[in-house]
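Letters A, B and C name the chains as they come in the text, with residue numbers starting at 1 for each one.
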Amino acid sequence: MSYTIDTLFDDLPGANGFHGKDILKVAQFSRDELTYIMALGERMREVVESSGGLDLLKHRLMAALFYEPSTRTSASFIAAMERLGGSVIPITQGVQFSSVSKGETLGDTVRTLAQYADAIVLRHPEIGSAAEAAHYAPVPVLNAGDGAGEHPTQALLDLFTIQQELGQIDGLTVAMVGDLRFGRTVHSLTQLLLNYDVGFRFVSPEILRMPLAIANQVRDHGAEMRETYDVHEVIEEADVLYVTRVQKERFSDLAQYEEVKGYYIVDPELLTKAKEKMVVMHPLPRVGEILEAVDDDPRAAYFRQVRNGLYIRMALLAAVLR
Amino acid sequence: MSYTIDTLFDDLPGANGFHGKDILKVAQFSRDELTYIMALGERMREVVESSGGLDLLKHRLMAALFYEPSTRTSASFIAAMERLGGSVIPITQGVQFSSVSKGETLGDTVRTLAQYADAIVLRHPEIGSAAEAAHYAPVPVLNAGDGAGEHPTQALLDLFTIQQELGQIDGLTVAMVGDLRFGRTVHSLTQLLLNYDVGFRFVSPEILRMPLAIANQVRDHGAEMRETYDVHEVIEEADVLYVTRVQKERFSDLAQYEEVKGYYIVDPELLTKAKEKMVVMHPLPRVGEILEAVDDDPRAAYFRQVRNGLYIRMALLAAVLR
Amino acid sequence: MSYTIDTLFDDLPGANGFHGKDILKVAQFSRDELTYIMALGERMREVVESSGGLDLLKHRLMAALFYEPSTRTSASFIAAMERLGGSVIPITQGVQFSSVSKGETLGDTVRTLAQYADAIVLRHPEIGSAAEAAHYAPVPVLNAGDGAGEHPTQALLDLFTIQQELGQIDGLTVAMVGDLRFGRTVHSLTQLLLNYDVGFRFVSPEILRMPLAIANQVRDHGAEMRETYDVHEVIEEADVLYVTRVQKERFSDLAQYEEVKGYYIVDPELLTKAKEKMVVMHPLPRVGEILEAVDDDPRAAYFRQVRNGLYIRMALLAAVLR
C-alpha cells in the first residue's frame, strides 16, 4: 500500500481535528485522537519504507528551538520534517549565548521565530515553558520536553510501539522498571495507558517509587496495579517491560544501591522467564540496565522504538501542518 | 496575484543589476535599487502567503558563516533560503574551534566555503570583515553584521517595513529613540532614509546622542532634523517611532540612568498621544523599553518587522543568485 | 554532456559494488574501484557545473555526526548531500553534552541515528571508531576522520585532484613536503598511490620523517622513493608538490625549527624552478607554508582541491545510497 499526498489522510476519522493545534501534554489526547495519531504513524512507516518520504510539507518550515541539547529528540524531529518534504531551522545550540542572553523573554523569542517558521519544536529546561510558548506563538508549538514536565511525543511513540509490537493495547500487563519517581517518560506513558484497559506493575527501589499522585490516578481509574522491588516478580506475567535507568546518584547510601541494582537489570537469563511474545522497551540512552547480550532477542524493541519516534513525529507534524 | 519562477522578476526595472553582487553596506544602494529590492520583497510576501515558498533556487547552496551567534539573523537567512527552494550549510556555532583556531585567514575560509556554496552569509565581530571576505570570495557575500560596522539587511527590512506599513516613505517624520550612539541599526537606517524626503527626530540621553558624523550627514542633505531628550516631545508628530534599548551599563552614574530612563519607554499611555496612523518599530530583542501592553496596538509593528526580514532576505538572495 | 538520474551511472563498470557499503579506509579500494569513484566524481563535477545538483537522493537523509568540530569536512559532506537532492541531520556540535555525556556507547548512538538516517558520516577523535560504528550501524558509515587513524575521503579527493589536474597518475613523481610523521593525509594518499606507478619524494625535517611502516610499504611495492630535508632538492622533478604544515610545537629545540622552516615554504621564487605543468596541493588550512603570493599561479590547485572534495563526496554518497 502506497500513499500520496491526496490519499494519506483518507478514511482517517478525526483527520481535521489537529490542524493548527499545539502538542503540549499527554492529557490533551482522547482515545480517538490516539487512535488517529497511531493510524497516521502506521501510514508514515509505510511511506518511509516504500519511498523514504513524501512532499507533503514542501515549502513549510519547522524551527527546532532547543534550550538544552538533546541529540536524539532534535535528530528525530529534524528527520521527520525532512522526510515530509519540509525544511528545518536548527537552533539546537547556543541559544543561551544569543538573544536570550540579552534578556529576551521566551514569548518574544517564539513570536520572532513564528515569523520565519510554520511550527516550533521546543525543548526547554523549565516546566510549563511549552504552554507559555504556545500562548504567545501564532503557529503550532510541539513540546519536545519541558524539564520535569512533559515529553508527550516520547509517550506517544511508546504507546505506538506497544501497538505495533503486540497488535493491541487493551488487555496487556505493562511493567515499568527502574526509576519511577523522576522518570518523566513512565509518568506520561502511564497517563496515556489509562485510556486503555491495562494492568500496571511498578518495579522500583523504595526511594524511587512511582509518585503518589500518579499511583492514585491509576487507582482512581480502577486499573489493576501492583508495586514491587524486584523485576523477577513480574517478569512472567509482563507483556511489556518498560525499563528505565536507576541512577547511582539518587542513593545517599551507596551500599543500598549496590544491594538493589541487580533487581533492575535485564539480561538474557531474565528473559528466559518472560513470555515468548512480549516486548522490552527503553527510552534510551541506556547505561548497563539492559545488557547488550539482549539486543538480538526478538523481544528487544528499543531500537524499533526509536524508529517509531520518527513515524509518530511525522504523523504529528503532518496532522498539525498540512 | 501569484508568481512563478518565470514571472517573478517581470516588470521590475533593475532586475539584472544584482546578479552576482555582494551586499555589504547601505551606501551601495541607489534609490532605484531600493525601490527594486522592496518591490521584490513585496512579491516574496505574496509568494510566502499564498504557497509558503517557491523553487527558484533549487540545488543552490547558501553557507551561513557566523563567527558570533545571532539566532535571529541566522534563522531569518536560513528561512529565506529554504523558502526559495535552496539549501543551507549552517556554520553558526563553533567556528572558533575549528579551522579558524588553527590560524586560517578569513580569506582562506571564505574561498574554501565558496567551493561548496553559491553564496556566503557572513556575521563577524570585526568592522570591515565583510568587505575583506568579498574581496576573496568568488561568490556573493552578504553582510549579516560586521561588528560596529554595517548590518545592511536590517536597515533594508526597516525601510521596507515603513513602506509596507505606511504606503510611502517620502514626507514622513521618523523619530529614533534610545541609544543612538552605539545603535548600528539607527545609523544604517538614517543613511538609507537620506535617499528620501524625510524629517528626523533623534531622541536620546546626552551621552547616547547620534554621532556627529551622521548628524552632519543629515544636515548636509538638507533634511529636517531635531534632537531632544524626551520621547514625549516628538510623539505627536512622529509617523515612525523607531525604538532601541538604553542600556544601563552605558551610564557611569546610575542615578542619571534612573532619572532619564522613563523618557525612552513606550507604554500604552504614550501611544494615546500618537497619530492614529503611525508605526512603532524595534530591531529586537527588547528588554522593557516597549511594554508588552503595547503589543496588541495595531501600530505595534515590530513582529511584522521581523517577518519583513524574511521577505527582504528572500529578495536579496533571489536577486543575487538567480 | 548532461546527466540525469537514469544515465548517471551508465557505462561505469563496478557501479553496483558500492551499494550499502561502508567507506572506512583507503585500503578497502581496488584500483578498479578508484577508477570508478573518480569517473563518478567527474560526472558530479559536470552536474554541479551545469545545473548545481540533481534529485538522485531525494527523501534520503544523511546524519553528520561530528564528535569534534571540522567546519571544512562537515560543510563538504553537507553540501554533497544537498546537491544530490538529499537532506542532512547536522549533529556537528555539542554531541558531548547530550546522550553521550550520559554514558551512551558509540554503538548505541549510531544504531539510534540509523533509525532516522540512511547513512552516517562520522568524525571521531579515536582510532578505530569508524569501524566500530560500522559494526553496529545497519546503514552505511562514511569515515570523516577517526583521530590519528584514517580520513579516506580526503585521500580520495587528493588522488582525484592529481587525476583532474594532470590527466594521469601513472608515471608521475609525487613530492610530499612538511610533517610526514603526524600528517594523516600524506599517509593515506601514499597508500592510495601505491595502486599506481608513481615515484615518491618525501621532504621533511629529521624528526618529522615518514613513519618506517609506510616507507617500508612503499619500498616493498618496488616504488621509486627518495627522502630529503629540503624542498629545493625535489622541486625540479616534482609533478605534484603536496605540502603540509610543519608545526612549531613539534620541535623541542626551537632554534632547530627556525633553522629548517625555510626548507618547507612554498613561495613564487621556488615555483620558478618547478615544471610548467605541475600542481601544488595542500589539505588546508595553511598557516604560512604556502604564501598567498602563490595563489594566482595556475599550478596552485589547493582551492580546486577543496572543490574536488565536494565531487568525490557526492560520488561516494551516490554510490553507497542510490
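Going forward, a residue touches a chain if its C-beta (ideal position, glycine included) is under 8 Å from a C-beta of that chain, and two chains touch if they have at least 3 such contacts.
Note that this is a predicted model, so its numbers are computed, not measured.
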Exercise. What chains, if any, are shared contacts of subunit A and subunit B?
Worked result: C
Seminar exercise, completed: The angle in degrees, nearest 5, through which subunit A must rotate for its Cα atoms to match subunit C is 120
Exercise. Taking each chain's centre as the mean position of its Cα atoms, how many Å separate subunit B from subunit C?
Worked result: 40
Problem set entry | Set of subunit B residues in contact with two or more other chains | 90, 93-94
Problem set entry | Touching residues (chain side subunit A, partner subunit B) in the complex | 58-61, 63, 87, 89-91, 93-95, 97-100, 102-104, 107-109, 111-113, 115-118
Problem set entry | Touch list for subunit A against partner subunit C, complex | 51-54, 69-72, 75-76, 78-79, 82-83, 85, 90, 92-94, 284-287, 292, 303-304, 306-307, 309-310
